[in-house]
Amino acid sequence: MTNDEMTSAKTKNDPVEEVPLGSVFAAKAEERVSVASNWKLVWWRFRKNKLAVISALVLIAFYIIVLVPDFFATQDPEATEAKLAFIPTQGLNLFDGTNFSPWVPAVVGKRNPVTLRMEFKIDETKKVPIRFFTEGFKYKVLGLFETNIHLIGPQDPKSADWIYLFGTDRLGRDQWSRMMYGTRTSMTVGLVSVILSVIFGVLLGGISGYFGGWLDLIIQRLIELLQSLPTIPIWLAMTAALPQDWRPEQVFFAITIILAFIGWTTLGREVRGRFLSLREEDFVLAADLAGCSRFRIITRHMVPSFMSHIIASSTLAIPVMIISETSLSFLGLGIRPPAISWGVLLQEAQNIQTLALAPWLLSPGIAVIIAVLAFNLVGDGLRDAADPYGH
Amino acid sequence: MLRFIVQRLLLLPFLLILFSIIVFWLVQAPPGDFLTSYIATLASGGSSINEAQVEALKRQFGLDQPGYVQYLLWMESISKGDLGLSLEYQRPNTELIGERLVLTIALALFAFFITWAVAIPAGIYSATHQNSLLDYFFAVLNYIGVATPNFMLALILMWIAFSNFGLSITGLFSPEYIQAPWSGERVVDLLKHIWLPAIVLGIAGTARLTRVMRANLLDELNKPYVVSARAKGLSEWKLVWKYPVRLAINPLVSTIGWYLPQLFSGSLIVATVMNLQNIGPLLLRALTQQDMYLAGSILLIYCFLTIVGTLISDVLLALVDPRIRMEGV
Amino acid sequence: MTNANDSHLLEVRNLKKYFPIRKGFFRKTVGNVRAVDDVSFFINEGETLGLVGESGCGKTTASRCILRALAPTSGEMIFWTKEGQAVDLAKLNRRGLRPLRPQMQMIFQDPYGSLNPRMTLFDIVGEPMYVNGMTNRKERVERVAELLRLVGLRPEYMQRYPHAFSGGQRQRIGIARALSVNPRLVVADEPVSALDVSVQAQILNLMLDLQKRLNLTYLFVAHNLSVVKHICDRVAVMYVGKLVEMAPTNELYRAPQHPYTAALMAAVPVADPRVKTGNVELKGEVPSPANPPPGCYFHPRCEYAVDVCRTQPPEFREITPGHFVSCHRADELKLPGVAL
Amino acid sequence: MNNQTALLSVRDLQVHFLMDEGVVKAVDGVTFDVHAGQIFGIVGESGCGKSVTMKAVLRIVEPPGKIVGGEILWRHRSKQDGSAGDPVVDLVKFDANSKAMRDIRGAEIALIPQEPMASFSPVHTIGDQIIEAILLHQDVSKRAARQIALQMFKDVGIPIPEQRLDEYSWQLSGGLRQRAIIAMALSCNPRLLIADEPTTAVDVTTQAQVLRLLRRLQAQRNAAIIFITHDLGVIAQMADYVMVMYLGLVMEQGTVNDIFHAPKHPYTQALLRSIPTITMTPRISLPTISGSIPHPFNKPRGCPFHPRCEKAITGKCDARTPALQLIGEKQLVSCFLYHDAEVAA
């Protein structure tokens, strides 16, 4: 067919269609929706889920802490002061009367004449004023430059009035500051191990699903084998096998890989399933018949089709990793002190007597619950929004 | 169907051998062995043992042999029904594990029944009363249940009981029954204690199962066979129970395959926190002390329980679903 | 069958496609589904060959083998290229097929599943051109605009996604995509059966119109005998993986030679209450292609079956010029057709 | 309309679906009568509301669908025989799950659903599901119910019925499943059988078998059938009386001869012209209906067909909705070409 023929071509029987679009969307948004890409449609649907949006904001806040925990910390997390053990939490007050002027009540210590231990009480009458962007201990921002500015701190950093938002532990370390560092470790472990899982899963599941045959058979059997291993005991055995003299960073990466190693199977299965069903889709066949290369079919047609689902599943997998890390560390077999993670912090709360004395030691647990909840809500929201075409 | 079960049973020994290799490799992977840490412990306590004694101990446990010989020796004793000797306790592992295994299984089964007894009705109610107040309530409960690590839950319960009532809710028995031989009273005592750890253990699973049941049932309620049953004039209540509920539960049966094993191994953490005398804390200690035959034996038992759990679920699925029973996988 | 005729575009000889039935842990092959079982036919340049049959008869499998979306088990598929060469499609590998891809394209049944929902019209219609060497974006934009106009859509729709269009409009997009690389053979697999009745005629007209204008050759796979009759020059009828009859459309409909063809036509309800149809009933059911009966596959349902039909598979032979049939009794039977 | 002998009289039925995105008026004022022993055909394309209308008659419209107006008058079977004395009840007034409604559903009005495969539960035997229906409406023992089911299987021509009763739906072929579904629908001797696209999912030779079977059973039992389809050929061969629907409204009603040989509504006319038939001259350009069916959310104002109608009168058809009016003896049309009556707002 030549171009001349084409341009002169005008269909006689069928007038160019001018009928309103038969779309599934309301008439008014028609034009906007018509040219909306898949990601836009997903975002529009996700946005409707208020709970998921709020959870996403919570997660963003968590990850800001991950980037600069020091900025949010009020004290050096390693600074021990045995005399200041088990200081209770101070409530943060934002208003002094009607003026915006944050303060915390002062802590007063008294030696118990019977046990001879220092006991601390909150003295609501004495106010310790709080200032923003105060100077404190020195740290490096993302390893780039050094600063000593912190989000909050006592008005006079030289004074003896320290703030202990979440109290102190048995060694007098500031729980709030330690939690900031714990957040960094725990949230990173979750994220990194899921990213590793996704890489393993997409790679192996993709190979299994796209090429099929004996490769598929082997990978399938491997997944079955890994899935029939009892997860928690094997995790424990693997972490117990880590040499005791490894540095904290080494342990951190080892734990991440161990978590990912067992976690990828679920994602791998899902990817395989998607590949298998996509292989049967007409639009994939059409691309094949058009002469597209395998690489193009996979990257242009197949992967984009399940990417949103994989993101949703990964989001739902992160909390599982976080809980696993926390549990392992809590049992003393995960992240090891002096590294700080939520699980390491919770180890301090293992003893019921200590817990009764200092219930604030459970606060990292609250952080775990909030983070996991937020991930689940975001993941559910994404999953519901992931398929705007309702297949 | 029968062929399928036989096939699975034949496969079982192969899987166990494979797992035993993985397990053995894992437990003896850490640098050093039990003796090194044992000697170190002794040394820090001020006493010491001489070379000859060390050599004797090494020979006794076969630690002077290369890894594969140690493995074969261990396998040989296992094939005789003996799980080997614990290095730390100097007692046969079979003896150490015995009762603790019973308690592990009892706890897991208890948690399992609580899960199903709660989750199925809750899921059905949520699906048939979509967007009702109770549906939302279950949803909130489910999210919290899934989000709370069970050791956190255990800690919180223990703390509440301790600080408000001065109660200690740990352990599976009252003090007088801990060492007692099995008797009717001891079982009753166990039942008095087991439900709380069982709830703690099962809560996340319950939350998840409720959500899955709700989603499955909602799917089934849209199927044409529901319309045709309704068109027969069947009452809504009877209809829901006879058809969609039955079909919504079927796929859940296959979740038993991973849920039961998860309970077996999940009880490890709860047991450590709540001081329950099952094999969990024993494994933890064996792992940290490099008591390799004990750790290996317990890990192998976990593997065995996992495979059996899967097998049970496959058989159950075939029993409830004629499509699987008659097509025969 | 006839020797390589100058006007042939495609000749299929003894095409077979078996799907193994695997069972057990080691996935042992315990049998074969004979989806396409020794099928031979040809298509002339510029004509429309209809391939009809009931679901599961292998018509879709056969068409996908021709496009090499499936690898045939055995047989030859000779295709005469633009350059005048005869190549056997069955023997080519993925790389060997690529230069031939533009010459044969497909129109799909499902207007929803056949368009990638994540691509704009421009990307969908332009992709075959792009992968076949038209990398200049501006050229492609112009060509896509032309194609859209050609199939009755507005070029301004180029930036829209498929979700903005109705079933009929999507089918037009699919046609534009198929035509984008100037194909000679277009395989249309049930192109109107998923569409609303009031939209079907639009697509049929468009296909007829495009054929005239662009000298296209169609392999039209369908189950609707009225639609096939309307659009095809010749029709081939399949039953359980085998061709039972092939003839020019009018001849086939007026005087079918195979009892199955006759039964099929008698079963079509005519949209005229004064013409009562459906009085002849074909008893029984279609046998499974995994386990077909001996002899002629149709004999258990055939009212004319004799002993030889139960044991001897009939040969697919030309009984009058251009009329092929596989029936032992084709010469003696006088079967009713459709009054034209 | 003759109300005296009607078995079912639907009057101005409205079924709306209240969705988050807005209200879909799936059925927007539908009126028709079905008489005893009649085969009443309903034709329409996707989204015309034909299936929803039937679900409304059975009172099994699922939420968010809701009957928001109209009457469904049903001649209720009293204990003994004698059609004259049978009371007329309005099914809209019944609670959908009430005992009274359930006694009519299945016993007096039965459904032959579209997908025979999915319409049986795959984990219950077919016999179990049919016997259940019999036990619901007839006061017989389980054993007797099984005998009835067995007889039904024989009547619909299922070979080796004893064995088939104890099989599952997925073990049967498509044709047998279709017969089993018909057996279930007929098991309680209903007065009205609603067949919702019963042959859409089957092949043409199976379709011919099923249609013959339905015609034979209808003649034997003198039940009325409402036959829903989008296939004009099937309608022409099956129905005595035809109703044409488009986007939730009735376009035209009449005897099958009037509809096919003297169609009045431009939609019916265009639809009949646009389908290729087996007896037609091949390869000619077919007259088409332009455009496509709009989504129910974008329903046009006025007559829903006007944007695609060649004879649409600007300022009239796009502003007001024509009412269904009697034209000639038995034909009803809702089109301003024939009258000026409009639907009251």
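A few notes on this one:
For clarity, chains are labelled A, B, C and D in written order, and residue numbers in each chain start from 1.
As a convention for this text, a residue touches a chain if its C-beta (ideal position, glycine included) is under 8 Å from a C-beta of that chain, and two chains touch if they have at least 3 such contacts.
None of these values were measured; they are calculated from a predicted model.
The minimum number of touch steps separating chain A from chain B is 1.
Simply put, of B-D and C-D, more C-beta pairs touch at C-D.
In this view the innermost chain, defined by its CA centroid being closest to the centroid of all protein CA atoms, is A.
The distance from the centre of chain B to the centre of chain C, with each centre set as the mean of the Cα atoms, comes to 57 Å. Distance between chain C and chain D, defined via averaged C-alpha coordinates, is recorded as 33 Å.
Spacing of chain A relative to chain D, judged by their CA centroids, is 54 angstrom. Residue numbers of chain D whose C-beta contacts span two or more other chains: 285, 288, 290, 292-293, 308. Shown for chain C are the residues that touch two or more other chains, namely 166-167, 169, 202, 205, 209.
Contact residues of chain A toward chain B in the complex are 225, 227-234, 236-238, 240-243, 319, 323, 326-327, 330-333, 346, 349-350, 352, 355-356, 359, 362, 365, 368-370, 372-373, 376-377. Those residues of chain B that touch chain D in the shared complex are 222-225, 227-236, 242-243, 246-247, 250, 320-323, 326. Residues 54-55, 166-169, 196-202, 204-205, 208-209, 223, 225-227, 229-233, 249-250, 253, 263-278, 281-282, 285-286, 338-340 of chain C are the ones that touch chain D when the two sit in their complex. Chain B makes touch with chain A in their complex at residues 15, 18-19, 22-23, 26-27, 29-31, 143-144, 146-149, 151-152, 155-156, 158-159, 162-163, 168, 170, 258, 261-262, 264-266, 268-269, 272-273, 283-284, 287-288, 295, 298-299, 302-303, 305-307, 310. The touching residues of chain D, when paired with chain C in their complex, are 45-46, 173, 175-176, 203-209, 211-212, 230-239, 256-257, 260-261, 270-272, 274-280, 282-283, 285-290, 292-293, 308.
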